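So, here come the structures, one by one.
Here subunit A shows up in two complexes: once beside subunit B, once beside subunit C.
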Partner chain A sequence: MNRRTFLSFAAGAGAGLMITPIPWKLTDDISIWTQNWKWNPKVPKRNVFFAEMASKLDPAGTGVRVALVDGVPVGLASSQDHPLSGGGVSALAAAEVGLLMSPARVRQPLVRTEAGLAPISWSDAEALLAEKLGRAEGDVAMISGDDTGTANEVFAALMHRLSGSFYMMPGEAQSAHKALEKLGGEGHLAYDIEGADYVLLLGADALESSGTAVRNARAFSQSHPSGQPATAKYVYAGPVLNNTAVVCDQWIQARPGAAASVALGLAHALMERGATARANGLDAFRRDVAANYSPARIERETGVRADTLRKLAAELAAAKRPLVIAGSEFGQGAGARALMAALGLNAMLGRINVAGGVKIVPEAPAVVQGAGSAASRYSADLVPFLKKLAEGKASAGVLMVYDANPAYALPQAELMAQAVRRAGFTVSFSSFMDETAELADLVLPSSMALERYDDVYTPYGAGQAVYSLNRPLARPAFDTRATADVLLSVARRLDIDLGYLAFKDVLRAKAEALGADWKALGRGAVWTSAATTELVPDLSAAAAPAPRAQGEGLLALAPVAKHNLGSAKVALPPLCAATVRGSDLMVQMNAKTARQSGVAEGQAVRLSGPGGEMTARVHITEKVMTGVVAAPLGFGHTAWDEYSRGLGDNAYKVLAAADDPETGLSVWSDTRVNIATA
Partner chain B sequence: MPFFIGFVAILLVGWWWFPRVLFSVEQQPLRFSHLVHVDDAGMACEDCHYLNEDGSFSGLPSTESCAECHTEAMGEDPEEQRFIDEYVNEGKEVPWLIYQDQPDNVFFSHAAHAAQDCTTCHPDVGGSDTPPLHYRNKLTDYSNGGYRIVFGRGVGVDPAYSRGTMKMWECERCHAENGQSNACYVCHR
Partner chain C sequence: MSTFQDFPIRWGMVIDIDKCTGCGACVVACNKENNIAPQENQLQRIAGKGFPTRFKKIEWLTIYELTDGSDTAYLPRPCMQCGMPSCVSVCPAIATDKNENGGIVSQIYPRCFGCRYCMASCPYHARVFNWDQPVWPEGMEKQLTPHTSVRSRGVVEKCSFCHHRLMYAKDAARVAGEDPEKLPDGAYVPACGEVCPTGAITFGDVKNPEHAVYELVRSPYTFRLLERLGTDPQVYYMSKRAWVRLQGDNYLANEEAQAGEGGAHHG
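And then the complex of A and B:
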């Protein structure tokens, strides 16, 4: 072939090419190829199946509607019919699907070796745990962070049989149980917020992170219709204009941890107006209130002006259906006194077990023998135990941790981490590689709520008794198991008969005991009951002097909890990562406080408190009362994933708990700190 | 002469060899007979392919719904026994190949197109004893019921023949012909 022949051939091929699909089809396909990269995950093309479930990540047990395709969750929306959501959804509940594939998930059981955590089979892991528990009988402790599940009955019963100790992670539910116990009652504290026409929130961040926040927000929304007059007045008293205060009709500035004092100051003002209560121990209550909680003293101690307090008392007295809800501003560390005081105040207003008031919801019947009552499971105080463990004054041959992260989310977090290290053999049942799991000797990953049988019974603050059942809707993403099933199996290895072979059977028994329809629950229906337990509160101890603030600093520390930043159990969910800008933690204070402290906007500072130190940058805003520095929680994670690790510092490190021997529950909602430039 | 040889050679390459390289040919995981189900069992299309109450479309029956009849073999076809052994007894879904698999960037509602005849977009398989072969574009993963290129309405695939993954111009043309909006957000949500 000579040059001319070749060129002629090429010209013919070139001409022919133009009337073949090669150039046109390839151009088209390449353009499509570049827009649909094959390595991008694709939505599975099967029928979309919708199922209702109750969130376990959201402490309020919000109902959500999950979209699944062929066993793969592909979406999540609010549940219209669930009584705790009413069409709303929280950032934590919305993370139920996204966190299934979180890079922080523990993908198989792990055991500590010299080289670190290494995979182990479930069978070997259970055998190892059984051996350790068998050896440590009588020196075993378990911590649970699940405030709503029947799984606690399995854990508590096992601890009972092993002569061990059972602790709940401190939170609002524990404060409520303890407060009720001290006032002579038993059950769950519930707030009929929908029926109230005047809601006074003392510290409790009830529209964002406290109680059944999604439901509360719906109630608020319905009572404040757009373009029409509000049908209820909401007043928030606290140190920070948080997500609750910002929408309320009135924000009253009150120092951190002042809920009990303000409630008792209001009781004082009501008593001045001649109010009384249907309660026992009224004389002691009156005496204590009169002696210690005069409006002038409340003004000095909490920053709430005496005339404001009297005006509030007058408004409460004038309202038809007032409701007072108290708590810690960040859902932890309120002890029992804030809720005891608020119950006393509600009793003076005649608002116990009435429409729009406080309801005492009965406990669900226990179905596992040896589990005790819910109140008994909440009776032990975790923080002093962990402090003693860290200091070598207490021991735990085996320490088991379920659905909780004590090495991160408790006051003096570094000391708590030390306690986890000091335990003889620590077992974490976390779904995620959190700070506690990283320190554990054995990690037995729990399936997430979408992957397991579980339940939710009446979260703190729900308006009535509520029971939801979760069943495995999604195929397990990794080699994980439901912890209650694991411990039932371990119990069998120890020849301990807890009465059930599988956790599903425990839940079926629970449903039967409540009188709920198991099949209907399995289809996503919610069992509710308006039944209440009679309570004539014994107020003799409700106004006793409270423990002093922790720390000698000049500023009061106000931790702020926001669901988009995670919770005590979960770090910043990936879907909320965009809500965090930069990697520095910003503590907030107003201009006067900044001037007095000698710091300026954007300046790097060090906060030192009774628990430890933290670093941050300053943001000046008038959303914080004078003399207070606000620090968001949820930062400073050293474990978890790339979305949450290395962001700011952990405010829990600065907090320290004060003992309160009279209630038996530590308090850390009132911590003083000093601030210095870093 | 060399010009003519080059011209014909590239035509052969372009029209015969190129499609065979570009597309992979796959068979459905089971030889499902519509004929047997429609003619012999007297089933209607809607028994397996129906709109849900919420408007979503149930296009492929689940193994669970097939197992309502096929817990045990009803005939002597070995494919039925294989279905029972490999899918019903194992609790697995059949990974059916979908002839009209649309990319994720398109929202398509069967409910909004319910007035159209199914075969406007789908191959008419109601009377088939063996499912058609599935042609998959190796570059794009788009599917085709068959591959034949025609001139005229865009170079590529004859929609009347292929009933494969629908290209945007096909959606737009039908929308225009039926007086429906062609705004971006109608399909790209």
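And then the complex of A and C:
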């Protein structure tokens, strides 16, 4: 073959190929198959039905109307008649429906094997748990994160029968129970915020993450009609212009964890004006306040100027129905002092047992024998126990965790995870594969609130006694069970009679004990009661000096809790992913603090505190007071799903709890940190 | 240029910025109601440093943070449902129109071929483009609502004031033997307005004196975004703070004092 024939052949082959459909077909196929996208899912074409439920995920106990299509929860609407929602829905409650099919859900019981967590049947899992509990009798512990459910009675009674210990996850409810106990009361601390004409929030993020936030927000809304003069004044004192402070009529800059000091400083200023209170132990209270909480000293310690404090005291004294609500800025770690001090201040203002003030709602009657009172269930302090467990100074043959994530959402999170590892046999009852479940030896997934019987009794801060019943609105999406039912069954295997065969019967007994109509509750009606318990507080210990800040750093750390980013129990829900702003992931400080710390916008920094370290980028904003660095909570998850995992860092790692032997409740709302470029 | 169509009903939303805490409940409720898929990639982009995520995020309602250097405010921004919508006049496919009593600007997904001219013309960035097929985590597609169809890759979407809720409210009125064109106040409220914990969002017919929004839009504290472009938005904002109102439009230095006094309101 010569050159000419080769070229002729090549040209002929080329021309021949071009007149066949082969190249065009191939081009067409390439364009089709490279763009062969998945079909869109079709939306259902059926009628929507609505059913009422109370959110178990939102600590505010918000009532929501769940939209169901063919028995599948698809959406939600507001529940106008629910006393804790009044038509509003929080971001967390709104996301609860979407969490039903979250990729993080545990789909069946799992047991730890050498190869990791492997599926196990419910009956084998219950037998295994019964065996472990039977063997570890006297050395078992249980942690519950459910602040409003009767399920705690089942758990506490079982722990009682096994001579074990029962702990509640620390939060505002525990602080409230402890504070009341120290002041000689018992029951639920309730704030009649709707009836107040002057609301002073000391640290408490009352419109976002503290107490009955949605109800508080509705009360705020009613008192601030759009375009009209407000009928009540809301003042927020805290280190960060958070979601509550941003709408309040006034923001007073106060360092983190300053609630108790500011309250007592105000009591001092009121005493200067001759105020007195109907309370026991008043002399000791006056003496302590006079000695330790002068406005000048408050200015030095909290950053609240003495003249601001006096002006605030004058406004409180002049208001007809003032109300002071105190707490930690991020919902935990306040200990008992802040609430004790605030009760002292409310007593000085004559705002206890009155409309628009602080009320004490009686405890619901216990229906499971051996469960003890709510106050007794809150009495044990979890953090010191876990610390000892991590250090090998305490033991737990079996550690059971319900509705809580102690390996992530407690101060010194890494040490807490170590404690979970150190326990002989850890059982997680989480609905989701959270940090604690990942470390557990046995995971017995709990059905979600939409899929199980459960109840909500008077969350912390509710204005009256409120009881809602949740019934299963949907079939469990996975092989999950209600934990209370599982433990009733395990108790039977251990020949322990807790008096009930099913949790539903416990709830029916609770409804009867309260005098509520079971059938009406089942239809979504809410039982309420205006009954209150008279409290004459004993203020002798309310102004005793409090423990000092933890850490030696130059900056005060202000963790910020936003419920659209999740909570101590749940990581960023998929439906909330869109609400994350870039600056949400960053630690925030004002320009002066940044200048003093030598850091700039966007710079990567390391915060080191008494508990550990975290890294983040810096965002400069005047929403944070000088000398304070604000860190977001809810990030830095190592478990959960692709929506939350590996996003930002966990600020709980930096915190460390200080012991407070007098109240028996540790404190971690005042932490000092150092900042360095990372 | 589209011509102004005056409808007997004018559905309007009044957002009281002084009451918005920025909690995000409205966004979550909107996403669920309108079948907006959760976007993990979007989070990775945010974490992935410096990606321009603003126009890639699928979100009908965005909450902006405003500041004057010391104070802060949050501004939720749905589609403005403009009286003179710039998107409508540029759409080559008539995929978006304003032709129904009430004045809601439609978006008809099967007609849209994704040229994004409407996005370029919208001064509020209220429109978003599906760069990718929507993906739900396994099983979550079973929880789609029947209200809004799922949008494909390659089309533009936007807030519809939960138009399906208007249809349901009209149906309910017909069943009750009432006039569907005379819905009482509160009979039709979009998902965002329904859930707002602080009641910052009020919704109704701004031409109907029996609706709460009628008075609100006439308040001296009421303003609209970029009002001077002549888009005539049906979303109104309120704030007693002058600096917030000033950020609603672009003012020259000599105009600021006058604008800050308020009064820029229309019925």
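Things worth noting here:
Just so we're on the same page, the second predicted complex is superposed on the first by the 627 of 678 C-alpha atoms of A that agree within 3 Å, B and C clash if a C-alpha of one lies under 4 Å from a C-alpha of the other, contacts with A are read in each partner's own complex, and residues count from 1 in each chain.
Just so we're on the same page, a residue touches a chain if its C-beta (ideal position, glycine included) is under 8 Å from a C-beta of that chain, and two chains touch if they have at least 3 such contacts.
Given the structure is predicted, the values throughout are model-derived calculations rather than measurements.
In the superposition on chain A, contact is made by A:E208 with subunit C only, not with subunit B.
Judged by the touch definition given at the top, the superposed model places A:G16 against subunit B, while subunit C stays out of reach.
By the touch criterion stated above, A:H563 is placed in contact with subunit C alone, subunit B being left untouched. In the superposed model, A:Q332 lies in contact with neither subunit B nor subunit C. More subunit A residues lie in contact with C than with the other chain of the pair subunit B and subunit C.
By the document's definition of touching, both partners, subunit B and subunit C, reach A:K38.
After overlaying the two complexes on the shared chain, residue contacts for A:T148 are found with neither subunit B nor subunit C.
In the superposed pair of complexes, A:V48 makes contact with subunit B and with subunit C alike. By the document's definition of touching, neither partner reaches A:T671: not subunit B, not subunit C. By the touch criterion defined above, A:V69 reaches subunit C but does not reach subunit B.
Counting contacts as defined above, subunit A residues 38, 42-43, 45-46, 48 meet subunit B in one complex and subunit C in the other. Those residues of subunit A that touch subunit C in the shared complex are 37-38, 40-46, 48, 67, 69, 72-78, 87-91, 94-95, 97-98, 100-103, 207-208, 213-214, 217-218, 220-222, 224, 226-227, 241, 243-244, 246-247, 477, 562-564, 574-583, 585, 621-623, 641-643, 646-648. Subunit A contributes residues 1, 5-6, 8-17, 19-22, 24-26, 28-30, 32-33, 35-36, 38, 42-43, 45-48, 50, 70 to its touches with subunit B in the complex.
Contacts from subunit B toward subunit A in the complex involve residues 1-11, 13-15, 18-19, 22, 52, 54, 56-60, 62, 93, 98, 101, 103-105, 137, 139-142, 149, 155-156.
Residues 14, 16, 18-25, 27-29, 31-33, 35-36, 38-40, 42-43, 46-47, 53, 57-59, 63, 65, 67, 69-70, 72-74, 133-153, 191, 194-200, 202, 215-216, 219, 221-222, 238 of subunit C touch subunit A in their complex.
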